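To start, I am sharing the structure in question, which I have written as structure tokens.
Chain naming follows the written order as A, B, C, D and E, and within any one chain the residues start at number 1.
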Amino acid sequence: MLDQAIFYLFAGIAVVSAILTVTRRNAVHSAIFLITALLATAGIFLQLRAEFLFIVQIILYVGGIMVLFVFVIMLVNLDVAVRQMQFARQKWVALLISLALAAQVGLMLWSSRKVPGHGVPVLNAVPADKLPPNTEAVAQSLFSSYLLPFEIASVLLLVAMIGAVVMAKKRT
Amino acid sequence: MTPTGYFLEHLWLIPLFPLVTAALMLLLGRRLPNGAVSVFCVGSVGASFAFALGAVMQLLSAGPENRAAQQILFEWLTPGPMLASNGHLVRFTADWGYLLDPLSCVMVLVVTGVGFLIHIYSIGYMGHEGGYYRFFGYMNLFMFSMLTLVLANNMLLMFVGWEGVGLCSYLLIGFYFLKKSASDAGKKAFIVNRIGDAGFILGILLTAVTFGTIRFTSAGLADVAANSGILQALNGALSAQTLAAGAPVLTTIALLLFVGATGKSAQIPLYVWLPDAMEGPTPVSALIHAATMVTAGVYMVVRMNAIYQLAPLAMDVVAVVGVGTAIFAASMALVQNDIKKVLAYSTISQLGYMFLALGAGAFAAGIFHLMTHAFFKALLFLGAGSVIHAMSGEQDIQKMGGLWNKIPVTAKTFFVATLAIAGIPPLAGFFSKDEILGRAYERHPALWVVGFITAGMTAFYMFRLVFVTFFGYSRADDHAQKHIHESPQTMTIPLVILAVLSVVGGWIGWPPSLGGSNQFEKFLEPVIFSAGSTEAAPQSSPREYLLMLASIAIAVAGIWLAYEFYRAKRFAPELIAGKMRGFYRVLFHKYYVDEIYDALLVNRTKDLGTLLGQFDAKVIDGIGVDGTGWLARFGSTLSMWWDKWIIDGLLNFGAKLTQLLSFPIRFLQTGTFSTYALLILIGLAILLAYYQQHLHVVLRGAR
Amino acid sequence: MHIPFLRALTDYLQGDGAVILPEIELTLFGLGILLIDFTLGVRERYLNAGLALAGTAFSAYTVWKLRLPVAVNGSLLGFHDSVIVDPFFLFFAALFLSATALVILLSVKFLDIEQEQEGEYYALLLFACVGMMFMASGFDLIVIFLGLETMALSFYVLTGFLRREKRSNEASLKYVLLGAFSSGILAYGFSLLYGLSGSTNIDTIGETLGQRNAFVTSLLHNPQSAPPQFDPFLLQMLPVLAFVLVAVGLFFKIAAVPFHQWAPDVYEGAPTPVTIFVSVASKTASFALLLRLFLVVFGATHVNWMYLVAGIAVASLTWGNLAALTQTNVKRLLAYSSISHVGYVLLGLVAGNKTAMTGIGYYLLAYIFMTAGAFAILIVLRQKGLIGEELEDLNGLYQRSPASALLLLIFMLSLAGIPPTAGFMGKYFIFLSLIETKHPILALFAVLYIVPALYYYFRIVVHAWLKAPGEAPRPVMSNAQAVALSVAAFVTLAAGLYPEPFTRLAQYALGR
Amino acid sequence: MLPIGHYLFLGLALFIIGAIGVVTRRNVIVILMSIELILNAVNINLVAFSRLYGDVAGQVFALFIIADAAAEAAVGLGIVIAFFRNRETVLEDEMDLLKW
Amino acid sequence: MDFFANHILSAVLFTPLVGAILLLLIPRQLELAHRIGGNIFGVLGFLVSLPLVVWWKPGVEAFSFQENFSWIPSIGARYHLGIDGISLLLVMLTTFLGMIAILSSWSAIHQRTKEYYILLLLLQTGMIGVFVSLDFFLFYVFWEVMLVPMYFLIGVWGSDRRLYAAIKFFLYTLAGSVVMLLAILALYFYAPVAPGGTRTFDVPTLLAAAQHFSDPLRAWLFWGFFFAFAIKVPMFPFHTWLPDAHTEAPTAGSVILAGVLLKMGTYGFIRFSLPLLPADGPIRSNIVKIVIVLSLIAIVYGALVCLMQKDMKRLIAYSSVSHLGFCTLGIFALTPNGLAGSVLQQINHGISTGALFLIVGVLYERRHTRLISEFGGLATPMPNFAAIYLIISLSSLGMPLLNGFIGEFTILQGAFQVSKAWAAWGTVGVILGAAYLLWLYQRVMFGPVTLPVNERLPDLNFREMATLVPLVFMAFWIGIYPKPFFSLIEKPVQRIVEQVNPNFYQMERAKLPPAGFPAAAVEAK
């Protein structure tokens, strides 16, 4: 019961603020609403007993990425951008098509609900008390079975770093 | 026993002499002096005449039943096994071989003899012309081809000669190739002949598949069984009842071959080339277009007489075409003013006579007339040439006249020839023509009537020619007047010899009814196929005398009429012409046949060519090639401007739609990036829809 | 040795480390470049290139050594089955490394001309290569995804590496936006895959999907075997969704119609060596990934998605060939031609039998070298003050530099698929496989598209050979370029004249 | 937890919204944000499934996706800055040098 | 020497290639060196091919001088060469015409001499390869390779619309040959494999296997090959590339194009298409009907189009369409005579038309125009030229004692045995042939010299004589004594007919009466 309440609350926030994100004229406002959406998602994570991810979401996204965004928005002079038109002229067609796609996929998901377990092999989730303490578990698998992705991620981030530097570096 | 002897074993030398000299002339004749040229060329023809004589003598030494000498030099065309019409496989071979039998005896003698005389004549006639060596080279080449034609032992080799003479006539007609009319005439002659040749080839092919061989006969060969000939095969088929007289295949063969004959021998409908051929030098007209080449058709039909005799229908066709041509050409000859044109038409008409004879089954008579005609027509042409020579190139008889005393030899010999062709006994023409008419009567009186009228017309136009040319006052301009002179001896001597021949030449065929014993016919007996039913019916001699008298009468009448018109001038021909102007004009324009042919066939063919060329350029290339190219380019432009036309079109449509829904829309140019992104979404949607639908069909087995 | 660290290191390298040793080496060399780059003066920057080459060489050697254990026991798994080393990987690793080496060789002079001789450039090349290798060797969705992203990010940066170039910026911006979007879609698909199997190991995923498919087919044959709510169609809903999402993500990476539109822009805008890298390496890597996923994960449902792929293939052939017909920019033209090549390879995937696999391998091999060669000619043309990317810039190349004109001809013939060149052999296998699997119509399509292809390839040849030269300078070829070109030409010709070893190689990698 | 369908729909919703943002917005920065939304949707799926299966693989995956999102954002924004330096704009439809 | 004897075909095949490579090494400034080198290797190519004739013995096995080495074992493609009588003739024609073509371009080519000779030699190798390879894969490779040098010969040294003509030629031929590739692959795939054996591209094996295919399959394969060959020949609807290519190509190019390239199509028909014909039945008879009708259309059509041409080369090009129509007619008559005649006619066409193109080239070098209206009355300034031109025209229009007649007559004979109507239509072509060739000759050579330019035209020089006289000689040889040629191709032709049209030999298999029949007929007289 509580679960549901929490879920719907956060889900509602997430969706609404997501919509606002893509509809606000002002990029700063979009950023703000994006943060809201991400926070709501974090709430969902929590509802799903993924505490570690919840933290990461808040720290990394909200703390890191969004700061970057806002920073860049400030860098590129905003007031001009705001005054320009914010939506591509094809927006209606685009909207139409996106919604059609949404309907299509939604229908697939909806129709597959008839299948037990929504078409997913397991019928119902492990009871919450059977779950291992989340952070340890994540750490466990991160450094045992997902060691390699961890290493690759370092390379990935290195590349990102180099890239950002190369790109943003003042021209010599 | 088959006749043997040096000459018979070296038959191949007869055509070889002219060939060698011809090659000599054409390769390095330019460096030779005229004297040497004439010695070589005339000498070579003389040599082959001598060899021909020798060969004939040695042949005559044998008994009549096996008077045939045949020798195969090598296998020429051996394309491998051929499926004959009776389901046998035969190893088809066309060998390079020569056959001398009575028929080819006559031909080879006529060709070499007359040819020899004409060569001599040409020395004088062509003396002043440029390209002397070229002329004689062509003439010798012609002799070679003609001899190959008459000596060939199979149809294909005969065809070689056939085409060869055609080529030489093309070259010689076009000898003055600077004159467009000349080269045109040459081309016309060749192409018209070519049409006939097509028929000939088909005839050969049909013969080949029907009889499995194209060798005329195996007579005179060492191993008769090994390589049999048409004659033997035909007999075999008859005895085996696989073929009967009048079998359609035989008729087809006969008719196809006859198409070839009409081409070469200038019969309706393919005679049109011969009058134009008079563009050539006069000796050429004499040799090729009077004495020898044009008679090739006759010779060929006689060669294949076995088949013709078994194809009555074809015989009728031959007879009708022959007689038709005879009168048709004669009528045209009535009004011509060009001396050579008159002779040309008379040649056509005489050839018509020969075919009439063949059609009537009188093969010997046909050959007989061929020979006599060779004599007097050659004489006439050479005489005409001498006249033209005297008149310094003038050919229109209306500009001549009163030459009788100025060029006596020419005039007298010409007169003899005229008598001969008019059929006045006892000159050569009389016997041959009379025999033809007689046999024609037996075949069908109508044939005789037409031939009879033609005889009269012949007498008329020939004497018209004589009177207008040689008698009366001269109508030539005085410049020409001064130069009138008798031709040199090289030209007159042949005239005299030919004149003698035109007189006595006919006597070897002195008919029994006049106490003679038609030697000529007996001589040709062996080569005339006798299986057919056309036995020479014992004729009641009174009727024969009647016919004889009639033909003499009509000839005299024609002569008298010509005299009244053109000598005594008792009636003016202009009046007649005036009275029936239309008919006269038609005659004068030779029935407009050339024009009709041009309008109906020649130009239409050219138009077709143009049309098809256009078709290539426009349709096949236009639609086929460039069309696809265009399509590709179009397609690429399409996909290139996919954004602009499709996406934007979609957008505009959406915009319009939303506008209709009264949503304010500001038009700005499309954002490329979002277009791409949108395309990705669309693709995603499409793939999803497709895959879902596909699985729906597969898994629900529906739709 | 008693130093524990070294002990650990050697243990590691005998154990799991062995399977990722090539990647490790490349990474180390990349780091090394970044380190020494600061110490180098502007004149010595080319040493970076040398170092990068050395890196590829080492890595290549390691790959070569790895073939022995692979030969012994089929394939090596490591890191809890999250990475695999098998002939497939070895083959593609070799391709990536050679492509990288070619690009490095071709970059040096180009960057000098552009005055962008930076160490980061080569480092990024190597990291991209690492990413590709993980794409080929990854046996776990996470590894694959990270490898893909590593490659992609490096490419975004490399594409925009000429920061002064407006077109370069624009290309990289489009690339990064679209690329991120598409990898978002791909990730969405991956998440569904995880959901369907509860595992990120593609082998497990493949098995689960296979079982599901088997279950569905059993349902089809006797519907009574399960309760009615197990509707076979609905059971396939999520797999379908997953498949389409993954497919779209991958089709985007290989630039198949209609997900191709980034390719021409990026190819045109990127610095030409990077264009080579994108068009050759990233495409090959994406194909490696696509093959791995389609065959291992979705192999069971091949008959179902066969026609979907066929449709994409024909679309790519049509669009690529037609659009290329009227291009005037050579890089753009080659971009469209590369789209049509994608069509051919996908047709091989449609056929999907042994021959087809060999063909795909052969085609990709040939494609790498001939495309690299074709672009390399443009790099040779790039001089101070001459971009040399338009068709007109090629005019009279024959008079200006016969050698490069000849090479250009060879590459064009190979791209068009005229024997005796590598391109023909690749097409040969594809066509044969189509005939073997009874797809004559597709085969006819594929074959006939050679004709327009030849037309536009020969537009290039016409300009290079038959047009009069303008006042353009004679291009001068640096040694590095000469080496790269001759290698490319050699492979292109050798694989056409004596295909035997290359065929064996392709069979070794894929033909099983 | 709730039946998995809820989470799937939530993920779908965010995904589509993000997609809409990508295809409709002109400001590239906002487009990048929309992409972040999409990745977020992915994360929701992953975490939900991992909860369903009761193993943390999904969460680890989500972790890496977050890292990747960060990396993409960094590079993307860097490129945006470079672009902006040259063109004084951040509107995607003014990227019109490269076209057919 | 022994090695040479065992690898004679390879020697013939690669001599020109070696030449090309050597020329590649000579710096381009030394134009003369290139000319000489090119000619040396042209002659050498011919000399090397002579032993084929000398050592030729009508062997028991189908193909002589075979060489068979492994090439691509993994797909079963081998380096397998071998020739029978037919290919021997064509190879000789190729080397012979190649030599002449190279010689003919001594003074015609002034720019890019080096590449010109290299390309000619490459082309030579390609063409020989097509005729000698007995492995489908190898065959296809040569078939395609040969396109490239030809493309450049037209495209670089051609006249005004060369680019269009060159690419048209290339695309046309390519479109055909890619379909053929599919057919080859299908043949390769459907041929049964011996247990434990691998697939093979070996021509005799595959063609033998094809005999057991179902009729529809064979029909499909036939059409697959048909397009490639029909375009190459070219047959009626596919012929439009020919006039353009011929017209634009340089003289040597036209000579090779007309002399050899077109023969690849007919050769392909004989070697590959015929064995693939379905077994006797409605399908097969329909196919044959279609092809024959196309050939007849080509014969008449080409001849008619010739009548309206204003450009000499174009006219001759269309005459090739007509003549090749004869060849295909003979081939698909499926009788020994038809096939033999067709093969011989291919050689004849190579000689006559090649010579005609040389002749046009002679005029073009002097006047740089090919318009008929530009000439007229040339017989006066150029007598030798006139003579040779006349002989060649005659040989081309089928004058007896010249080569053309032999071929045409034999073909007609072959067709006549099957259907009289076919032969009849063929003769129409014969008539028209005389018309357009003589008309052309008259317009060019006869009459007064119309243009002052033409008054001083020099007659043939020694080199041009050297190029033309051998052809004239060959024309006479074939025309007067064709027996050696026929005996050369008799065996292979028989083999083909036995395979394709077995019931031709059903009748009277046992005895071949020498000529005329029944033998009883003789004593019946």
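Going forward, contacts are C-beta pairs under 8 Å (C-beta built on N, C-alpha and C of every residue); 3 or more make two chains touch, one makes a residue touch a chain.
The shown structure was predicted, so the numbers you read here are calculated from the model rather than taken from an experiment.
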{"item": "Any chain in contact with subunit B as well as subunit C", "value": "A, D, E"}
{"item": "Required steps from subunit A to subunit C (each step between touching chains, minimum)", "value": "1"}
{"item": "Longest centre-to-centre distance from subunit A, chain (CA-based)", "value": "B"}
{"item": "Interface with more contacting C-beta pairs, comparing A-B to A-D", "value": "A-D"}
{"item": "Averaged-CA centre spacing for the pair subunit D and subunit C, given as whole angstrom", "value": "25"}
{"item": "Rounded Å distance, subunit A centre to subunit E centre (Cα mean)", "value": "72"}
{"item": "Centroid spacing, where centroids are CA-atom means, of subunit C and subunit E in whole angstrom", "value": "45"}
{"item": "Distance between the centres, which are taken as Cα means, of subunit E and subunit B, whole angstrom", "value": "34"}
{"item": "Set of subunit C residues in contact with two or more other chains", "value": "142, 146, 149, 153, 156-157, 160, 163-164, 174, 177, 181, 185, 195, 198, 240-241, 265, 455"}
{"item": "Residues of subunit A engaged with two or more neighbouring chains", "value": "85, 88, 90, 94, 97-98, 101, 105, 108-109, 120, 122, 145-146, 149, 153, 156, 159-160, 163, 165-167, 171"}
{"item": "Residues within subunit B bordering two or more other chains", "value": "640, 668-675, 677-678, 681-682, 684, 688, 692"}
{"item": "Pairwise chain contacts, counting only pairs that touch as defined", "value": "A-B, A-C, A-D, B-C, B-D, B-E, C-D, C-E"}
{"item": "Residues on subunit D engaged by subunit B in the complex (per definition of touch)", "value": "19, 22-26, 31, 91-93, 95-96, 98-100"}
{"item": "Contact footprint of subunit D on subunit B as seen in their complex", "value": "640-641, 643-644, 668-674, 677-678, 681"}
{"item": "Residue ranges of subunit A in contact with subunit B within the complex", "value": "85, 88-90, 92-94, 96-98, 100-101, 104-105, 108"}
{"item": "Interface residues, subunit B side, partner subunit A - complex", "value": "647, 650-651, 653-655, 657-658, 663, 665-671, 674-675, 678, 681-682, 684-685, 688-689, 692"}
{"item": "Touching residues on subunit B, where the partner in the complex is subunit C", "value": "632-633, 635-640, 672-673, 675-677, 679-680, 682-684, 687-688, 690-692, 694-696, 698-700"}
